[in-house]
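Dropping the structure in here first, questions after.
Naming follows writing order (A, B, C and D), and every chain is counted from residue 1.
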Amino acid sequence: MPDFQVILESIYQDAINASDKGIVASYIPELEHIDKNNFGIHLRTSDGKSYGIGDYKKRFSIQSISKVLALSKAMELIGEAIWERIDVEPSGHKFNQLALLEIENGIPRNPLINSGAIVIADILVSNLKNPKEDFLSYLRDLTGDNTICFNKDVALSEKLTGFKNYAAANLLKSFKNLQNPVDEVLDFYFHQCSIEMSCSQLSNAFYLFANNGRCLQDKLHITDGQVKRVNALMLTCGFYDEAGEFAFEVGLPGKSGVGGGIVALLPDKFVISTWSPGLNKKGNSKLGMLALAKFTTKTKLSIF
Amino acid sequence: MPDFQVILESIYQDAINASDKGIVASYIPELEHIDKNNFGIHLRTSDGKSYGIGDYKKRFSIQSISKVLALSKAMELIGEAIWERIDVEPSGHKFNQLALLEIENGIPRNPLINSGAIVIADILVSNLKNPKEDFLSYLRDLTGDNTICFNKDVALSEKLTGFKNYAAANLLKSFKNLQNPVDEVLDFYFHQCSIEMSCSQLSNAFYLFANNGRCLQDKLHITDGQVKRVNALMLTCGFYDEAGEFAFEVGLPGKSGVGGGIVALLPDKFVISTWSPGLNKKGNSKLGMLALAKFTTKTKLSIF
Amino acid sequence: MPDFQVILESIYQDAINASDKGIVASYIPELEHIDKNNFGIHLRTSDGKSYGIGDYKKRFSIQSISKVLALSKAMELIGEAIWERIDVEPSGHKFNQLALLEIENGIPRNPLINSGAIVIADILVSNLKNPKEDFLSYLRDLTGDNTICFNKDVALSEKLTGFKNYAAANLLKSFKNLQNPVDEVLDFYFHQCSIEMSCSQLSNAFYLFANNGRCLQDKLHITDGQVKRVNALMLTCGFYDEAGEFAFEVGLPGKSGVGGGIVALLPDKFVISTWSPGLNKKGNSKLGMLALAKFTTKTKLSIF
Amino acid sequence: MPDFQVILESIYQDAINASDKGIVASYIPELEHIDKNNFGIHLRTSDGKSYGIGDYKKRFSIQSISKVLALSKAMELIGEAIWERIDVEPSGHKFNQLALLEIENGIPRNPLINSGAIVIADILVSNLKNPKEDFLSYLRDLTGDNTICFNKDVALSEKLTGFKNYAAANLLKSFKNLQNPVDEVLDFYFHQCSIEMSCSQLSNAFYLFANNGRCLQDKLHITDGQVKRVNALMLTCGFYDEAGEFAFEVGLPGKSGVGGGIVALLPDKFVISTWSPGLNKKGNSKLGMLALAKFTTKTKLSIF
């Protein structure tokens, strides 16, 4: 086994000295003032060890990373029925593109693009008693951490400006692929995206995907097959139109968010989370991508 | 001059005896129960004569036909500034398609497809003191007829089911091509579409486009050049993806609505309106199209 | 009747003094060295008068203008059967776009975009004994002018560089909408486009479309209905993605070519041709468009 | 280690007894007469063992599987320069779609869709002295098997009917992303696709991708990083618009061909090849997909 702490240190040094740290997302007004000098990285291995450096305990808006956790909750609730309403293929297009959804009669390409995640949100709204509270409880259960919360200001900020998500939700509704009212589904969705976690909390939350569906609290949430599905989806669709590049450069299933977070994992081995708020042109964390590429290159731990 | 009444009679006989009367639009629940045996036709000539037969005094939902009247009002209010926000070209696609709007950064192809008409609605909401009341007054002024009204049930029906229009409006908003709140603009737009008129009222309302901008009440509303623009738009874009077919079969600028109405006109000569609720596959009134084709064939009065 | 010669003079003066004369098309190497100071305009009225100014007797490459003449010949040969293989609607896209053709299973949107014109060329190759010779004879018959010829260098230039046309023809072939070999059809098509005419020859060739199908030699070639179809197609599809603009600014059915020519006509009244090699951004002759707009504004002779 | 021979036996029994064996591809006339009862499977482990059952020694047309081998040869020849002309992302569309290529200015989405593979063919034509002979030698070198050959009848069959590939190549040429003449590149490409191999030969040929770039003859052809790139591309793009499904069901990098072959591999562990000529709706071998899914389910050997 490589000395993970040494490797994380070296990655951290490179990151804080990087001259180009990307650009902080401006399309969610509430997020655009985050300092892009933040950088954290955290690793949790399957055999119980944990390594962190930099701002790995500082919380940030997990945004689209939440889509994976919402998906696993939906799987727990309704299983394979999900795939009657969402496909499992890469879209080859931007995360918020509507054209493909329109051509394909309201069936989103996968649950990790916005339209697909909105259908997942609809499923959770239909199947949870108190959707927002219950989803939060799920994350707290996964991690054993009751401090995980929504950021209501961020949720409100998206509610007031997320017109493209309203467009997608209404388009889904026009194709009868949304069962609940648009406003109710998006209220849930914006809250889900507003959740704040640190790198270490993210590693803990994603632990079940590296551990055959069993979470850090040793509770079985989803089956082996479902974990395989989630990981396959993260690999092929987790980075929008940069999925192929991430598969090559990093070689791990993973998911990014516009808040600058990335989680990636090697089944049966580890979960790794990074946070650096500056994004590259495709909307993924610039230094996070580089950090993970260095990590798998140095450790030779990837799926390929 | 041909004997118009004789020609209308002959067209009427063919229409009421037609075996295939098309299919009544079902996507607006409030409209689907209209009897498709209704058929009316009305002609008003520039020299003041008026001819009608069948249900030409019965009112129906003018729906998309209202887009032309909204456009002329917007021209009266802000003139050429309209074209900074909307293009003037045929779209080559369905009336409610979103893909093209997305690719073209929120600039609708023309003011007669839904997204373009929604931008026009936004302009009216911004520039009229009491948008709904003032627009109704405009129509009453054009026709000298104070009985013209909204159908509030139809407007409500669309409000509850017009998800694709909500999608379009939100997409426009995401591109900053909508200045007012989505709900406010669509409330106006659904009311505008819900207006009920008879064939004779429609001929009267469109009289200004055959009379160099001067309405039946002899008031000048828009310039010669603006009339030419409106007529050119009706000819190239008035029938969605059947514009080319209408230009050939009928050869007049015109506009259809899913309520089964069609208005067409020959500048300086006449306005003709038909109503038959059954639609063809492209969403235009089946018997109305046939009636107008017969009319221009028999009279040899077309622009070509 | 306005004094046409005076109007043409005034238009000519404006044109030769224009500061921005557009950009000569460079994608056909053989055409890019034409002097953009050439400017000609020619008018032929239905009652037999003829007016010309500037370079109206100088020949240029008619390019896409030939599509209309090929279409009328195909109508003469096989009539309505054309429309089983080509639609009659505006495409809303660039003249050489392939995406729409692919989505619509090899049925071109209309006969005036490249793919549609290639299907027309295929029809002529199938139905003419000596396609190139016979097509030339047709043009010579229409005009009574035996000097009309192909420019073999231009045809060869396109053959060597017209890859997008090869792509379109092969795509048509893959959908079984081309009966003859690709090379044979394109050889005909490139020759057809390479034909050289002057403005006055063009006015003469298009005379039949303003004269109910009867050519300058008083021979009936196509029916009234077919003329109406051709004119409707020119109005809705003759200027690619600038058809709406031309319909408004000029208000006449017409057709442009990248060689800088434009022909337009008012049924039963006149044919007018312009030549100015500099193109605007949409690929239509910049000064030709302006000249025709001035002409219909000054004379008030348009279809609207 | 599982008992591979027992597992292959069980998969074989299921396959030969399957009631639905898919549909043999008909678009290449020469291939449509293959008996769909053929079924073979072959496994080669990194530690030198080899297992086979059924028709695993019978040769078939490898078709698109050849794209991976052409890519690796191009990598050997010009390295990273490939990526100036081809992207590395899933296309989200059919293998022969032109629309995306047109929108993206002639840069194919990845080297495993047809347009990308044609650019790779162009690179090989430019960089090999005798392209066809040299490419065959490469495959013979990889496998140590001099009996590998083209099937000239299949190559000719595609040459006469592969119009969509001609369309793609000409479109690439129009964007200057093809350096050699279309006919020359496609002659090479059709020959490359016509190569015949058995399952065992395929396993041997792909051995280098499971062995860090070192082939069965122990010669190093491409670097570690290049192998990772090839495997990432196979995983994200190897099965056209069924890539996500294959990633989930099988969980291995792999590539299919319309001849009914599939090769897949687990880095450092094994290569597995199947052949069953009947295809599913997405154009991948129906029983081959099922066989590989069973294999990774039974052995629990996948990347996830």
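In the analysis below, contacts are C-beta pairs under 8 Å (C-beta built on N, C-alpha and C of every residue); 3 or more make two chains touch, one makes a residue touch a chain.
Since we're looking at a predicted model, the values are computed, not measured.
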> From chain B, how many touching-chain steps at minimum until you land on chain D?
Replying inline: 2
>> Keeping to the contact definition above, tell me which chains border both chain C and chain D.
In response: none
> Measuring centre to centre with C-alpha atoms, which chain is farthest from chain C?
Replying inline: A
> Just curious, how far off is chain D from chain A if you go by their C-alpha centres, in Å?
Replying inline: 32
>> Taking the mean of the C-alpha atoms as each chain's centre, how many Å separate chain A from chain C?
In response: 55
> How big is the gap, in whole Å, between where the Cα atoms of chain A centre and where those of chain B centre?
Replying inline: 47
>> Counting only residues that touch at least two other chains, what does the list for chain C look like?
In response: none
> Name the touching chain pairs, please: which are they?
Replying inline: A-B, A-D, B-C, C-D
> Across the complex, what residues on chain D touch chain A?
Replying inline: 87-93, 100, 109-110, 227-229, 231-233, 235-237, 241-245, 247-248, 251, 253, 267, 302-304
>> Going by the contact rule set out above, which residues of chain C touch chain D in the complex?
In response: 97-99, 102-103, 163-164, 166-168, 170-171, 173-174, 182
